[in-house]
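Note that chain A is present in both complexes that follow, paired respectively with chain B and with chain C.
So, the complex of A and B:
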């Protein structure tokens, strides 16, 4: 019983990161119909820069987190610039492919700049361990779950109550109409990528406080976040959160009760099952388009 | 006579002995000044860049020192270097170039990745060129019957695991929770530990993890059910740090340890309080200055560390020392053959060298063992919060 609880907390810790990444996939997909495969690398960039800022400049934690969220947003806008504007073909498939290339490039640059070193952050409330029902929980795990709640809640309000958010939603529904009303597809794309970058950065800062991160850890995380987004239904915000935590929990339980060596197949097995049986995911937010 | 033969052999690469054996010696004087060409591949760019850069520097330091003392058998060493950037195909092309165009006499360094060294090995063996690898995998030199002219200057994970198992057993630990990552490095350790642990009277249960994992709680939770007396993780990634943090958080208070892939203070520093007291099973380099003065390793390592610091203005590490040792060993063998670069003669010379005290330990190559290092060169260190200190008393 204690073990189950312990594994569940472990699943929530990693699940929180998957959920944030899945949210980022969702927002980009809604804004551009493209899948941003550079997503995992943003998490890495944010995690590594958060750790580096903390180590070199000794800035307060809150400042570090704020700075990397801005850095993440800039990464997102930069992606839009590279993958949408420079490519000059804003059909979603080209953009998706371009993000794969950009992801590889980001990883290579990070490798060179960091010299393969790993960076870490202290926990947001210190190195505190909570004991809940016999399980030992890193207080940071709760912070990371809180980040997800804040991000998902903030996005929900933003997309419904803030004019810019409403415009983004409108553009996702009908880009032509939105453009005719003065909100261009380009603007929608830039904002979507920017927000996605900020979300990924929050995930990165949260993760760096749980475990040291280096140039190499974003790729797999991005793919698992993608599996989470697909499970929830690509483009659905609640789906992303549910999908993220579901993948995290399944992984933790699988490694605890079945096999830890093969825990990584969980996310991809889920992805395959979703693709075969219910390609729109649990929360079918998006019309299926034949491509 | 020997020198002429050596030169002719070197020039002809894979040709058999006959071509140079009957040299008249007329060009002996000038020929003796011809440098011995040392081919080398290290990945100074690409993922293993940090490792490769240190290896190249270690190798160059060794060559400089040897040349400053007049070279080997009257001939200077000349380095021919390529960077395969962790790409095995590139490394194969470069190895062919070393053989046929550069006509190198010996090769030291196998691309900074075991996979590359393994790919280079058959090419060099066929060309009759002695290959001193500075990479880790056992398979580079095993089975030894098929690797007669291939050696390596690194620890087999077997001896490191063996020493660690012995140490834990001495500390009264009966069962071990082992967490290797799922890379080749971890998988190999997993297989080897299963062989060596029973000899040390240690019962092992194993849970693997992905090298980029950010949470090892599930693995530890599962292992904890068997109540092992100690836990050891085997990886080259920051997951080693996560292991220490997660284990202490779960309230595990027995000994925790990391392996030779984690011989970097950063892994322990970043674990904070959880890093304190954690063990490291690796060579003696991290604790060299704390070894007792009568430990013969101390003088050799000190000399190396200081020379490296002087030349490059940065601290040496285990990777630099492996390449350094590899070159020095080959030079010893060349000294013994009088400069003859025939691979089989050099192999014989290496196998019959007296014990060579290198930075990594005492090398004792035999016809059966082309790794050379034994468990006595492995030190168990503990992180005291600031640095590594010897955990196994004398360090022997």
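So, the complex of A and C:
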């Protein structure tokens, strides 16, 4: 029982990060119909720069988190500049391929700048452990879940009540029509990538507080976040949150009860099962193309 | 130049290059590099079948490559069956995996297929590193014996080259023939417009599955050669980055053309040589090259050159008509 509780909390901690990344995938997919493979690298950039900022400048934690969220948003805007504007063709296929190239490049720059060093953040409320039903769990799990609640809630309000958010929804629904009424596809893409970057950065800060992060930790994480987005239904916001936590929990339970060596495979096994059996995911948001 | 003649000339040039290369670049180190070129040629030729001919972007090639390498390595190291059999088991095994992966994934189209191939590739890569009792895990698989086929021991890089080069050439020639055959044409038609091809009676799914399986066999063969060339297998060369690199190089050199994989193999060779001292910069170069390729050369180097030639030819043929047009203009004026 204490095992289960402990595993569940560690599942929630990483699951929250997957949920944030999956939300970011959803936003970009809705705004551009492309899949942003540089996503995982934003998480890495945010995690590493949070750790580095904390180590060099000794800034208060809240400031560090705020700064890296801005950094993440800038990464997102950079992606739009490189993968949509520079490439000059805005079909989703080309943009998706370009994000793979950009992701590889971002990771390479991080490798050179950090020289393979790993960085950490302290827990958001120190190294507090909570004692629940005989299990000692890291309080960071709750912080990470709170980040998801804030992000998902904020997005829900933003997309419904703020004019810009409403325009984004309109563009996701019918890009031509939205463009005709003054909200261009370019604008939709830029905002979507920017928001996605900020979301991924929150995930990065939350993860750096749990374990050391280095230039290499973003790729696999991004791909797992993508699996989470697919499980929930690509483009669906509630789906992204559910998918993220589901993958995090499955992974944690699998590593506790079956094998920790193979735990990384869980997310991709889920991805394949979803693609082969129900490509629209749990909350179908888009029509899937089948032969 | 007719298409068939172009194919024959291309193959002849490649054959001549492969024959001359080991004498032009003499020495064990150089011969080892040349074996690497042949391995990359096999990988890219196989990838070209599914990406270039069938138009389905696959990120599973590195996983199949690794599956072939480990199949050959494990069978060889554990001395299961004769060594030559492990060289055949590698492409057969990788083809089987490709068939199993392709059967459900090729039902999906476009990006969804790419995602499934990515998932399969990552699962294979993770297995290489995690199934420690079988693969040796991150430390690699040791004890791969020397390759011996019918009394001939392939104990020098030059001997390996004389095994790898004919295989790579045969692979290229077969792929060239296949791409020009009615199946290749059907696959291209389906890539251009799937509904149109299906209506015309092309069994789209089955042709794509066959090409994907074949691409797995090529990768498996490349894996077996890599294993016996280096005498060692570790998971590192078969990850996501390798899958992306192969796709980048094929896109950059020209997917869908016969010469594309050849240019690509040389490009990879050049990249390796150029960055031999600076391993850390390699991913940055690959990433930036990819972005430039997507932006400037959507059809690759070979595609861009043949486009330009076609445009020039069309201009030449169009000239007399332009003259009459100006005349008519003059008359109406």
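The definition used in the following text is that the second predicted complex is superposed on the first by the 288 of 291 C-alpha atoms of A that agree within 3 Å, B and C clash if a C-alpha of one lies under 4 Å from a C-alpha of the other, contacts with A are read in each partner's own complex, and residues count from 1 in each chain.
In the analysis below, contacts are C-beta pairs under 8 Å (C-beta built on N, C-alpha and C of every residue); 3 or more make two chains touch, one makes a residue touch a chain.
It should be emphasised that the depicted structure is a prediction, and the values quoted were computed from it without experimental measurement.
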With the two structures laid over each other on chain A, which partner does A:276 touch: chain B (first), chain C (second), both, or neither?
second
Is A:35 touching the first partner chain B, the second partner chain C, both, or neither of them?
second
First (chain B), second (chain C), both or neither touched by A:91
neither
Taking the superposition as given, does A:103 touch the first partner, chain B, the second, chain C, both, or neither?
second
With both complexes overlaid on chain A, does A:216 touch chain B (first), chain C (second), both or neither?
first
Looking at the overlay, what does A:264 touch: chain B (first), chain C (second), both, or neither?
both
Using the touch definition from the top, say if A:174 reaches chain B (first), chain C (second), both or neither.
neither
After lining up the shared chain so the two structures overlap, which partner does A:138 touch, if you call chain B first and chain C second: first, second, both or neither?
first
Have a look at where A:256 lands relative to chain B and chain C in the superposition and call it first, second, both or neither.
first
Mind sorting out which residues of chain A both chain B and chain C touch, each in its own complex?
111-112, 219-220, 261, 264
Complex interface listing, chain A residues touching chain C:
35, 82-83, 86-89, 92-94, 96-98, 100-109, 111-112, 219-220, 223, 226-227, 230, 261-262, 264-265, 268-269, 271-272, 275-276, 279, 288-291
Spell out the residues on chain B that touch chain A in their complex, using ranges where they run on.
47, 49-50, 182, 207-215, 217-219, 221-222, 225, 237-239, 241-242, 245, 249-251, 266-267, 270, 272-273
Residues on chain A engaged by chain B in the complex (per definition of touch):
3, 6-7, 9-10, 13-14, 17, 111-112, 115-118, 120, 122, 127, 129, 136, 138, 207, 210-214, 216-217, 219-221, 251-253, 255-257, 260-261, 263-264
Chain A contact footprint on chain C (complex, rising order):
57, 104-112, 114-116, 118-120, 122-123, 126-127, 130, 132, 194, 204-205, 240-241, 244, 248, 251, 280-284, 286-291, 293-295, 298
